[in-house]
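There are structures below to look over.
Shared between the two complexes below is chain A, which has chain B as its partner in the first and chain C in the second.
Up next, the complex of A and B:
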């Protein structure tokens, strides 16, 4: 099976180490959600994994081909970066959307013009406009169009829905799923809008301060992590010997986020309330600040 | 297949329950093809693997069966099967809980039966 592998990826900017030895295997035909706080290193990781930036240490391979400076490997990967256009028409900002798309397609051997045309229509994007005249949401549409139309086996989306209205976000999820079903490509999608995208991720990756702290099947994770609350000693008894995150205490009452063993079930008792948690709540419990 | 997904339960369980509801309501008939996992994924904006998990629950319980290369079909007798299993679940999840709570409240068996009759 085709895989993309990151081995021991370290990235330093000067003396500032932002990725601390990341090991990660992405399998073909899966949709991964990459979730992390601002500054966690998501964009850095994706740009290194796609060969756009060098790693300080470590190696990326796709189907055992080194990615760095290797066109055969690079042809299999698309990383559609967030477009940050500065005011005025300097640089990329001065390009019309259609010229930007024309330039982008030269990087991808499988680029699909028909899919591009369909997406332009679905998003009602005016391709004659200059990038500098587009809103944040419209710039996101441009990056989505490049990513989907690239037809690259490994495609990374960097906050594709940032600035998109709710209807356009829904359009993106549907078309991405459709393309995924047809092609069996691998998608990595980073996002801060966790809950609405949770159901399309087969697996989630939590990136916290330069480390992957979790890689799990989304549905299984949501089933395994519960919120337990009650009198302190009763909650402590349940926490004993289990992985526990984010403990809160109010008077005699205590609450904790608890990871159960696969298949294990914890029922409500008269003493302790056990509640399911959604992906966003789990992320906050694992990567948020301790109270 | 027109219900909406809630956050209360696992998505794949909701998918299997929705298909079951459609069978009970004669929206999906026995020996009829059910939507593919890719169709379900698109309708509900969920991962196809999750949709497949929901469908596979029904295959394992005999409600659906697979025709190789064609898709999933509703088994004959599926309706009866679903009813039977739901009755068993009703007993486990509701009836036992009701009896338990009635005991906690100090109610007699007669009190409980009277209450049920009133509710009708």
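Up next, the complex of A and C:
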């Protein structure tokens, strides 16, 4: 089976270490959600995993080929970055959309022009406009078009829905799923709009302060993590021997986010309320660290 | 297509587009000026074209150094290109187009000024050398801009140019010291001078490309 592996990835900017020894395996034919707070290192990790930027330490391989500076490996990966056209990088902004897409057509060996044309039509994008004249949402559309039309076996999206209206977001999810079903590509999608995208994630990766704190099947994760509340002593009894996140105390009552063992179930009792949590709530709780 | 082939395709397309528009404009303006001048159209046109093409090509080389490395090169890397392939193709495309424009300008100069025809053989290596020297300067701009940012990079480039100018003045002073036999020998032997300029230009150009490659090899690409 085809895999993309990150082994011991460390990244430093000067003396500031932003990624701390990340080990990660991405399998063929899955959609991963990469979730993390601002500054967690999502874009840095994706830029290194795609071979665009060097790691300080560690190695990335795809199908046992080293990615860094290896065109055969690079041809299997597309990382369509979030385009930030600011006063500081007006140079990129000077390119027209059609010129930017033309470059993508040239570089990606499996680029699908028909899919590109379809996406341009679906998003109603004016390709004659300069990138600097596009809104944030339209810039997201450009990066989505490049990523989907690249047909790269491993495709990374960096905040693809940033700035998109709800209709455009639904269009993206629909087309991404269609493309995934047809091609069996691996998608890694980093996003802050967790609940909307959770339905399409087969696995989630939680990145916090430069470390992967969780990598799990989405459905199993949502079934395993519950919110427990009740009297302090009863909640403490449930928490005993289990991973606990985000504890709240109000008077003699206590609430906690608890991770159960695979297959384990916890039922409501007269003294304790057990509630399921959605992916966003789980992530927020886990960012508060294990109690 | 290999990675290098894709890069050559794209960089030739991109530079042809950016320089092509400039050259078409120059040719159009020169044709208009020649028509308005009323004299021998081809002669006046050739004189104007020589001047403007040389100026445009020289300025383009410096401008390329600045914009291509800070704007287009990161785009190519973001599209999964190897950095070395992109740099090689960028330099090949830039060199080809600029040498072609200088060659055209030189052909026009030979047509307009017949007295330089005996020196064509000596001029060609000198022109190649001078072009390569300009590219060396362009790659220094690119390296400094990429390393230190646009503003500081430009300041350091001006300091570099001043230092080189002072060095050249000093070098000429040394060559012309005493009876200046070495200087006189060089000036009278145009062929040898042309070859020396060519060799120095090519070496410095190669040094500039190496510097740029070394500077961008492990640099983080940001958008």
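Throughout what follows, the second predicted complex is superposed on the first by the 283 of 291 C-alpha atoms of A that agree within 3 Å, B and C clash if a C-alpha of one lies under 4 Å from a C-alpha of the other, contacts with A are read in each partner's own complex, and residues count from 1 in each chain.
Simple rule for what comes next: contacts are C-beta pairs under 8 Å (C-beta built on N, C-alpha and C of every residue); 3 or more make two chains touch, one makes a residue touch a chain.
From a predicted model like this one, the values you see are computed outputs, not experimental measurements.
In this overlay on chain A, chain B fits alongside chain C without clashing.
In the superposed three-chain model, the partner touching more residues of chain A is C, compared with the other of chain B and chain C.
Of the two partner chains, neither chain B nor chain C is touched by A:235. Applying the stated contact rule after C-alpha superposition, one finds that A:94 touches chain C and leaves chain B untouched. With both structures placed on the common chain, the touch criterion links A:31 to chain B but leaves chain C unconnected. Once the two complexes are overlaid on the shared chain, A:200 sits against chain B while remaining clear of chain C. Applying the stated contact rule after C-alpha superposition, one finds that A:181 touches chain B and leaves chain C untouched. Shared-chain residue A:75: touches chain C; no touch with chain B. In the superposed model, A:51 lies in contact with chain C only, and not with chain B. Superposing both complexes on chain A places the Cα centres of chain B and chain C at an angle of 150° as seen from the Cα centre of chain A, in steps of 10.
With both structures placed on the common chain, the touch criterion links A:107 to chain C but leaves chain B unconnected. Superposing the two structures on chain A brings chain B to within 27 Å of chain C, judged by their nearest Cα atoms. Shared interface residues of chain A (contacting chain B in one complex, chain C in the other): none. Listing the residues of chain C that touch chain A in their complex gives 1-3, 6, 9-10, 13-14, 67, 70-71, 74-85, 218, 220-221, 223. Contact residues on chain A toward chain C in their complex (touch as defined above): 13, 47, 50-54, 69-71, 74-75, 77-84, 89, 91-92, 94-95, 100, 102-104, 106-109, 146, 152.
Those residues of chain A whose C-beta lies close enough to touch chain B in the complex are 30-31, 170, 173-174, 177-178, 180-181, 195, 199-202, 218-219, 222-223, 276, 278.
Taken together, the chain B residues at the contact with chain A in this complex read 5, 7-8, 10-12, 38, 41-42, 44-50, 53.
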